[in-house]
Each structure stands twice: as C-alpha cells, then as structure tokens.
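My questions will all concern the structure given below.
By letter and in written order, the chains are A, B, C and D; residue numbering begins at 1 in each of them.
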Amino acid sequence: MEKIKLVSDYMEGCCPEILKRLSDINFEKNTGYGLDKYSESAREKIRAACEAPDAAIYFLVGGTQTNETVISTVLRSYEGALAADTGHVNTHEAGAIEHGGHKVLTLPAVNGKISAAAVEDYMKVFFADANHEHEVAPGMIYISQPTEYGTLYTLTELMELRAIADRYDLKLYVDGARLGYGLAAAAFDRENGSPLSAPDDAVDLPALARLSDVFYIGGTKVGALFGEAVVFPHGDIVPHFYTITKQHGAMLAKGWLTGIQFDTLFTDGLYITISTNAIARAREIRYTLLKYGYELYIDSPTNQIFPVVTDEFAAKLSESVDYGFMNSLPGGRKVIRFCTSWATPKEDVERLGEVIRALD
Amino acid sequence: MEKIKLVSDYMEGCCPEILKRLSDINFEKNTGYGLDKYSESAREKIRAACEAPDAAIYFLVGGTQTNETVISTVLRSYEGALAADTGHVNTHEAGAIEHGGHKVLTLPAVNGKISAAAVEDYMKVFFADANHEHEVAPGMIYISQPTEYGTLYTLTELMELRAIADRYDLKLYVDGARLGYGLAAAAFDRENGSPLSAPDDAVDLPALARLSDVFYIGGTKVGALFGEAVVFPHGDIVPHFYTITKQHGAMLAKGWLTGIQFDTLFTDGLYITISTNAIARAREIRYTLLKYGYELYIDSPTNQIFPVVTDEFAAKLSESVDYGFMNSLPGGRKVIRFCTSWATPKEDVERLGEVIRALD
Amino acid sequence: MEKIKLVSDYMEGCCPEILKRLSDINFEKNTGYGLDKYSESAREKIRAACEAPDAAIYFLVGGTQTNETVISTVLRSYEGALAADTGHVNTHEAGAIEHGGHKVLTLPAVNGKISAAAVEDYMKVFFADANHEHEVAPGMIYISQPTEYGTLYTLTELMELRAIADRYDLKLYVDGARLGYGLAAAAFDRENGSPLSAPDDAVDLPALARLSDVFYIGGTKVGALFGEAVVFPHGDIVPHFYTITKQHGAMLAKGWLTGIQFDTLFTDGLYITISTNAIARAREIRYTLLKYGYELYIDSPTNQIFPVVTDEFAAKLSESVDYGFMNSLPGGRKVIRFCTSWATPKEDVERLGEVIRALD
Amino acid sequence: MEKIKLVSDYMEGCCPEILKRLSDINFEKNTGYGLDKYSESAREKIRAACEAPDAAIYFLVGGTQTNETVISTVLRSYEGALAADTGHVNTHEAGAIEHGGHKVLTLPAVNGKISAAAVEDYMKVFFADANHEHEVAPGMIYISQPTEYGTLYTLTELMELRAIADRYDLKLYVDGARLGYGLAAAAFDRENGSPLSAPDDAVDLPALARLSDVFYIGGTKVGALFGEAVVFPHGDIVPHFYTITKQHGAMLAKGWLTGIQFDTLFTDGLYITISTNAIARAREIRYTLLKYGYELYIDSPTNQIFPVVTDEFAAKLSESVDYGFMNSLPGGRKVIRFCTSWATPKEDVERLGEVIRALD
C-alpha cells in the first residue's frame, strides 16, 4: 500500500478549476509578459478582494524568487530586513536575499513570530550605537502569514507592527506563501465556533492591504501549479518593477498562465474554499494527536501540525507515512511536521489516524 | 475578423501531448524541486538524444533566468562573456547578466552570428594591452542557436568556435531558446533537398553536446508551457548548481511540471516533429515574400522571417497582421519580423499570403 | 642614465605642501571616518570653489572605487550608464561597474567624447523598441573631463548634455580623475592667448557644479598621495551615501588623511597651480612633435599627448623613454602616449626633445 | 586641558619610520598598482616572517574592503562564512559581506571567540536537515585575531579550528586588523613572565600561515597610515586576485605607498616593537582598574580593555576622557572600552590613572 504523504503542501498539480481553464485556452493566442487580459482580470479581482483599488500587482513564479525580487528592490542598498530567525528568507532560500545584496537581521522567533516590542528593542540598540552608520540599517520588517510554524499574526499584532514600522520608517512586507490557509483558518473557526486561530482578531485581505507596504498571495502552495501575486496595495512604490522582474529572471514569457490561475482562484472565493480543506484535515490530525496524548511543539491553527514524538515513534511512523522533520529535541525526541493541502484526501487523514492508533 | 498573429513563438500554451500528461498526473503526489521520476526520466532521454551519458541536466523556468544563472556561475567574478551585439543577453534581458555581476563583451554580429576569427581578434587586442589585467577577462563565448535573427551556426563554424575557445581557455555556452527550430530546419531541408539551412553541415544535439561546455534546450518557445533544460554535457562543471538554481529563484517547487514536459518533448522525437511545423510555415511565408519581390534583411532558414518593407506597407499590414518590428532603415523602410511556431496554423499563413497579395 | 618616465601621471608621491602637512599633524589625534576638522575644512573650501554652498562632499580613495560607488547607488537597479566606448568605466576598471550590477551602455567616442546628439539618438532608438521595458534603461550620462584621450568638453557641450539629460530624466556624472589638468589647460591658454583648450568656452568648477548631478575631483593623479572628492553639488541625492562608502570598502579609517590633502589642494589655488606644470610640459612635448612632423592621433590640450609613430620609432624610443601604448594602426604604425604630471621636471621634457631630435 | 583620547587605535598617522621613508621617496617615480620594488620587498619580508615561501601577498587599503574582497572571492556563490556574532563582518561593515553576495552565518561568541565544537555542532545540524541543499552552505570559518573583544585564540584552539575546517572542507580565514597587538602580547608576556595571553600556547606568524587558508596583517591600526596585507600562505587559491582587487576598488594606483609601509613594518621587527607599546599601556590601564576594584567584562590580554562601570561613572569620566561604548548592562551599568595603540603616550595612561583615582 502506498505511503500516506503529508510532507508538504506542494505535492499535487493544481485545483481542477485551474486545470480546466488552462486546457480551455491552450490554443488561444495571448500577449506575453503579463500584459494579457487574464492577468488584468486577475489584478482587478485581487484589488477588489483587498479593497485596494490602487494596488499594483505583479505575478511572479515562485516564493524565493518573489522574496528576493521584492526585498532587494524595496530596500536601499545599505538596508537589511528584520525577520524571525525561523523566517524562510533566513533559512531555506539558499542565501537568495544575501545574493541580492541584503542582510537578514534576525530576531528570535516566538512561535515563529516576531513582535513589535522586539523590533523596537532592536531599533533602540541600533540607534544607541554611536557607530550605527557603520551597521546595516533596518529598512524592512519581514513576516510570514502564516509563519513557517503555521502560526498567525493577529490583527492586533499586525497593527502594532505597522505602528512600529511607521515610527522607524520601515517597510512592512508579508510573505503569504500559505496565505490562503491563514485566511481559511479564521473562516473555519468562525464557522465552527473555535478560538484556535483567534478568528475575532484575524487578519483578512483588506487588513493586509491596509497595513502592509507589500505582500504576496501564494499560489504554488494553495491550488495553483505555480505563481505568487505580489501586491503593492498603495500603488507602485518601486519604479519599473516590471523591468525588475525581467532582470531578476522572474518574468514568465507566457504570463497569462499565471494570470489565469489567479483569475480562477479569485473567482467566487475559490482561494478560500479550497484552502478550507487543508484546515479541516489539519484539525482532524491535531484532534487525533491530542486525543492520544501527543504534545504539540507549537499549536498551529493552520495546515501544519507539529507533534513532539520519540525517535522510535518517528522511525515506525515513517514505514507508512511521509512527514517532515523540523528539529531534534533533547532526550531522544524530535519535532515532526504533518502538512495538509487543498488536495489532501479525507481518507489519507483517516488512515493516518489508524496508524497513530496502532502505534499507541 | 481577428488579426493574424505572427508576433512571436510563445503565444500559445503547450502542445496537446504535454497538456494531456499534465492532466493525467495532476493529482499524483510528487516529490518537489526536480527530484521526481519525470524529471529523472527526462534527463535520461535528453542524455540519450545528446549521446552524452555523463551530462548533468537541470530544468529551469525561463530563458533570461537561465542565461543569468548559467553565465554568472560558470564565469569567475572578473570574467565577462563574449557575445554578438545582437545577442539576447546584450539586448532584451533588462541587464540580468550585469545585475549578476558580469560584463557582456560585444562583437559586431554578422547575420546575427560571431566568428572564431572575430573572437581571436578580440583576444589578441586584449592581450596586446599591457594593462589587460585591469580589463574584464573574456571567460566565455556566448552564442544563440538559432540566433536572434533566425540564422544557424554550421557544424564547421561551431568547431572553429570550440577550437578558439580551447586556445584561449574560454567556455562555450549555447543559448538554445529556439533550438528545436534549428534542429528541425536541417531535418526539413534534408527531407526537401533544400540547402537553406546547410543541412550537410548542420549542428545536431550530439554535436552540440560534444562541442559546448553548457547549453540549454528551449521549451518555452518550442511547445512547452515554460521551461528550459540546462545541459552540462561533460558533467557538473559548476559545483552545487542545484543550490545555485534555488538561490537564483530558478528552482520550481513543483519541478516535475518541467520534468514531464521535457520527458514528453523527448519521447518519440516530438521536439523535432512539432518544430517542423514552424519551419514549414516559415518557408511558405518566405516563398510568398520572395515571389512578390520583397527583400529579406537576413535570409533566415528557421522560424523567423525578416522582410524589408516600406513604412507605408508596414502600416497597412498592421491592420490585419500582428508582426514584430526589428529596426528602421534609411529611406522610409524598416525590417519587420514574422515569427511562426509549433502551433502556427497553415490557414494563418495562407491568410497572410492573401494580405500580401492584396497589398502588392 | 635612467629612462625618461612619461608613462602616467601617478608615478610620484604628493606635492610638497601635502607632505609637509601630513608630517605636521602625524601625531595629532583625529576622529576617524571623515568626521574630522580637516575634512570639514576641505569640504568648505571645495564648496566655495564650486560656488555650491549646499554641496554634499565625500572623500574616497581611488577612481575605480569612486566610479563604482557613485554609479551603482545613483542608478536604480534596472538602469545603466551611457558612456563613450573609450570611457574608463568601460575599459580599465576590471568590470567594477558590472560587478556592481549595472550595464555600461556605450556610444562611439569621437575624440574621446560623446555628444548630446548621440545621446538623443540612443534614447530615440531605445523608446522606438516596443519592448524597451525589457532593455536596460539609460539612467545616467557618464563623461570624463578631461577624457581618457586628454580632450575637454566645452561649456557649450556640457550645457547640451545637461539639456538632453533633463529631457530624458538622466543623471549627469562627470569623472574628474584628471580634472585639475582640464581646469589648468584653460587657465594656461587664457594666459598664453592660445585657443587649444577653447578657453573662452571652458568648463570651470562652478559650471561643473551647476550642470552636473555628481562629479569627482581627482586627487590621485593631481598632486595627492591618493583620494578623490565626490561632489553632489545640489546636496545629497543618494540617502546615506556615508554608510554606502563604508559598505563599498571606500571609507578610509583615517579619513583626515584625505581631508587634509584636499584642504591643502584647495588652499590658495594650489590645485590649479600644480596642474599648470603638467600643461606647460605637455605643450612643450606637443610643440616638439609637431615641429618634427609627427601626426597627433588626437590633439589633446591637456597633459596627455598622443603621437602616431612607426613601430620602428616606438621600439627605438623605448630604449630611453617609458611611454604608454594606446592602440595599433594599420601599416606598421601605432598610437603612443606621453603623460605629464604636476611633478614632471622640465629637464625630462628637454631630454625627450633631444631623443626625438636624435631619432629624426 | 585636552581630553585623554583612548577611543580607538587609528587616531594618529603613522610611525615615524614610515613617515620618513614616504618622505624620502616622495619624488621617486614608481610603477603603479603594486608592481613596484617596495611592494616586492615587503612581500619577501612577510614571506620570511611567516616562513611561507610560496605565499601570495596583496596589499589592500582597509579592513572592510579586505574582508569583502577576500570572502566574496574565496567563497563560491552559494556559500556563507561562519563567524562569531560579535565578528566585525557581522556588525560594523555596513553589510559589505552581504552586499558582496554572502551570508554571515553566526555562532554565539564566547569572549569574542568561536570554538571548533561550535562549528561542528553547526555542521551537524546543517547536514541533519534533509533540505540543506536549500540552505546557505558554510564555506569558511572567519575569525579575528585578536578578536573585537581583544581576546586571542590559542595555538591549540587554532589547530582545532583547522582540524574541523579540514573535516568539513571549509576555508579558514583570519582577520588580523589588530594582529600586531596579538603577536606583541605574547612577546610581552613571555618577557614579563605573565600568563595573561597564554604565551606558551600562542599563535605566531608561521603558525597562522601554516594553519589558515588566508589571513591579513593589519596596517591601519598598527602603525601604518593605511593598508592591510592579504596573505594566501599556500599560494594563490583565488585565480586573478590581482584583477579582483581592481574590480573591488581595492587596488591603490600608487601601490608602492602601501608596499613601503609594510616593508618598513617588517624590517627589524618593527611591527612587534611598536605594537608592544600598546600592550604595555593597556596593561597599565588594566592594573589600575583592577586595583580600584573595577570588574572587567572580558579580561583582554591585548590593547583593548573593557571595564564594567556605572552610568554615573561613565558620565563623569567622559568629561576628561574619550573612550568607547560597547553595550549596556542591566542595573544602570555599561561596558566601556579603553583602546591603546602603538602611539599611546605613557603620560596619557598616567593621567587616566589620576582621573580614575579621583573618581574613586
């Protein structure tokens, strides 16, 4: 029997709605480089969803590429990006940010997040150094929503980060590689009366657009074949970002392929609808783990679940389940990750439940 | 009636064979980052087609990205790339090569090409300068096959470039964005007994693999949705090129999407088969133009045709045909471009013939 | 007998006035990084000489470093610098500009110079390309005053370049590595009633400050041990240029060493006074060459003289004179360079005259 | 009365021996760019002092520039440098290393140092990540000798770092901005029978050359006007490093100025002789502080002394002494720095003693 695969949220192709539209227009001749009608339609729908009529929107191919292109051009050459030490830009982007010339200035993550207070402390220490003109000047706060540990910034926290960004003239950039799962968690909890994702203090798209200087809406991990939509909610703050995407190898010749994917995801709320499956499945896994008494390293409300298990359990589990490894803990224990997606079948989660039961 | 669109060779999606396979495996769970079975199968087929069993092969997303990633990592920091002044890296890549830190050292193109003799002259002048250690050292010869003007290097010419590259310790890199059309032109001419592409002195894949240090096989312009296959025919000459593609934002999370496209293109000679349509259509356009007495700026044997027309003709033509503009000539004339592809319908070319006849 | 050395203008240490002051303050304790009193005094004197009271001024160490630091931070990432193909940034800076991420967009030099008309032609062709957003956008005009071939832009020409820069929103940057020799040539010609440097249409420091966006005053080749003064005549147009000089390795810890050198050069007109020696000596060489019938490749009014000589003459000359080689000409001829400086002794030039006479 | 200045070790010009030689040869004509006889002589003397006859040696201008030029060219593009979080490359170089494309991978400093064990732990965690090919690969260990906190690696520690570097194929690079003070401390302690610098387990120049892949000998802070000597003890491991220094703006036109300074410093042991003054003065300050019961934050054996003082003491002290601020501590205390140099007069230290006595 095939293993249950819960390694990541980018193991399948795309949601059927996208596949159908790609097939439908396959022989249509379109203008290249994102100047086509589908890209324009997608931009209009995203502007509407964000309540940001002046937003400038660009479709790039992948997350690391997007982070590098945005960060290296929003920042001035002597500036760096404040980020959680667990932030994707600091860990698994092969140094793309530094290759683009910028230092990632790390703050210790708490549950994958950084706080306005931590940013303020950093800035105070920075300015206390008489030689701070010899240091990398913080120019941006980088956060992920949801974070790499599945957690979510509340609306309150985001507003606090905005306030501190304003005080110190920092840009606020939100990496939304898994944004759909964050938005869907709040919707799920509201519907089910659960407080896990703090649905009464949740960040929605208009809030994100209002409070950030730039963010991206992830497609690759949320139902698209590939693609990330970069949103400058207050209009173009980087001149000629279009040319810049070309220069960074981030401009797809057949740009309509990305455009039509986002056009589909932002039609009739599909982006949230498909994300909700991931949340429902993740919660089932979480429930099972708690039922059997497993500790959760971080109690994530989104599509990633992080149990603490013994090395022995992990070894046995791997006979029938593909999961992710996060980090080792003292005493022969480790943190592993189950990751669901828009495409995770309910049966897979049920089978996982049986495996866990059997290993109990 | 809709305009006839002959602007470029990346206006449609992908060939039906690819679309079918993408649909077939859409819900299959695959390992990310190019470590999947389709990518591996595609690599094996390309190795076989190139008769290069030791070739290291990587799938990237687009052409500019590929050129930047290859050039900036094959070269050492103080080296530059010799290229035709009409070369894509010198003109329409938004400075990606320089953004990556390297100077494009231009040689005047002759029919879009550079010669071994021109390279040698450059090297002699370079070494004649007592201060050449203060200059950018040529470290690579960059050529496109076919060139941006649709022309082809003959096998003889490629061997001469290899010889001069060896003499001066230069790498030889071939940009094959439209490689399929070059390969198909020779096949077409051989079949039809035409000498236009010099089929008896043609460069095939094994020759390319034997004579170059690195080249790429274009997918975006030749039947794929996107994707370029970078081939290091003699094995990995750049350590950790895998990590480098990640760092350059050129690694697709769902790498199997590119893998399966190339796997399809390199099954049963599909890459050449579909390319042949572009050649047949281009030759029909060429025939019509010559019949009506139009001068060809460059007599391209591949899928791009470059007539010299009056401004008046160009204006009238644009009422019913979308074509490309290359450059202005004295005396109210200009060079325009008709570009065919794997998907160009025979009807479009027939309609173009009627338009040209009507304008005569 | 030792050879006559006319290879370059940076073969000696510094003018005696500078050496004395460096000795006088050797044990004085000064604040580092350019925040000392000598640097501040030098800035004031330069502002006065330029009639630019708002000028922001930074002292860097060398010319290539200065060009790279200025160009890469004045330009935005997608922009390039228009320059003569003979411009120093395009030839003998080991690709520093490209290493900094920017393309040098070359125009064919005429007597080492580029014209406003040539810039305008470039811009027209650029905008005529429907895909110019895929090209490197010209963002700057780079010129050298004097040029690498010793010639000078007239005030009229500089005003024309300013006008075209304004029309196309380009920055105008003037590389003044040998600026003193340009300024002194006009003074010399005015005093001697010679028209060679077009003294009635000459560019002085206030004109340079009025018409350029940034320029630098060369110290290394004009009497200092090292050092170049970057002048932003209209105030800081690059935020945190101070930090940027640190980041580019261009900030001297003991910044007062550069400050006091420029303070000295800009006291009592010393910069012009010492430069005048180079002009007087160069004119004597020019006179001798013309007297003996030698052709001048370019009739430079400054401190570099470029005779056309036979290979045979060049070989014999090198037995007693060290000179520079510029380029080969057809027919066994070559262009060589005699370069004088603030320190060139009159005796050396007289000895050269004898050598030329003897070879006649 | 003027304040006692103990802020840094680069407040004066150069040692008298250097000033004399610069004066003596001021009007001598020398070949530029480090190809002169003084530079060559200095290289020979450094090779002898290092017992490294094959060493390739280059003279650069400043420390940040040197670190950036070495690190960015010794590393491959996907590699980063392991360093103490207090390391100069991580703090006060304005992001020069990241601007050059490379991540500084920080380890928590212990007394300003990192250990082989900490490097090994880092490497193990790195390889334990199945996705480590998506991370920045450590390619180098960067250490400072002495460190930014004045401490010294012992010979034993350096050998351990070499061993771990070999095990993981890392380069070992030693930043010797204050190297003279480290070498002199051991000599001083040997002469005075003091164990403070662990003189029986001290790193001398031959050990440094034997155990590192590249290091630099600091001039700017140790008696020269400016200049750092980069030593590749086992020969050129970076091809064309000469051209690279030009490209990085690190090549001085009048290279003999640096050459003759190092030639002087490495004649008759001058480099150690002048450094010994700094050690003697620093020990006097240390003795005074201990006598009056001040806590030392780190008990540095070299030319930097770090007392812990109350904010009140610090404020009063600043009325008569210029000193450095390091960091704040809880409870109204802070760490300050007294820094001596080759030029610090004994009188200044005696006056400081009186000030401390008076404040007691």
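Brief remarks on what is shown
Convention: a residue touches a chain if its C-beta (ideal position, glycine included) is under 8 Å from a C-beta of that chain, and two chains touch if they have at least 3 such contacts.
Just so we're clear, the structure is a prediction, and the values are computed from it rather than from any experiment.
When the partners of subunit B are compared with those of subunit C, the chains appearing in both lists are A, D. Relative to subunit C, the most remote chain by averaged C-alpha coordinates is A. One inter-chain figure worth recording: subunit A and subunit B are separated by 35 Å, centre to centre, where each centre is the mean of the chain's CA atoms.
Distance between subunit B and subunit D, defined via averaged C-alpha coordinates, is recorded as 51 Å. Rounded to whole angstrom units, the spacing between the C-alpha centres of subunit A and subunit D is 42. In subunit C, the residues that reach two or more other chains under the touch definition are 77-78, 93-95, 99, 133-134, 243-244, 246-247. Interface residues of subunit B, counted against subunit D in their complex, comprise 33, 72-73, 76-78, 133-134, 137, 239-240, 242-244, 246-247. The touching residues of subunit D, counted against subunit C in their complex, run 5, 8, 10-14, 16, 19, 22-23, 25-32, 61-66, 68-69, 93-96, 99, 220-221, 225-226, 243-244, 246-254, 257, 343.
Residues of subunit B that touch subunit C in their complex: 77-78, 80, 91-95, 97-99, 101-104, 128-131, 133-136, 325, 328.
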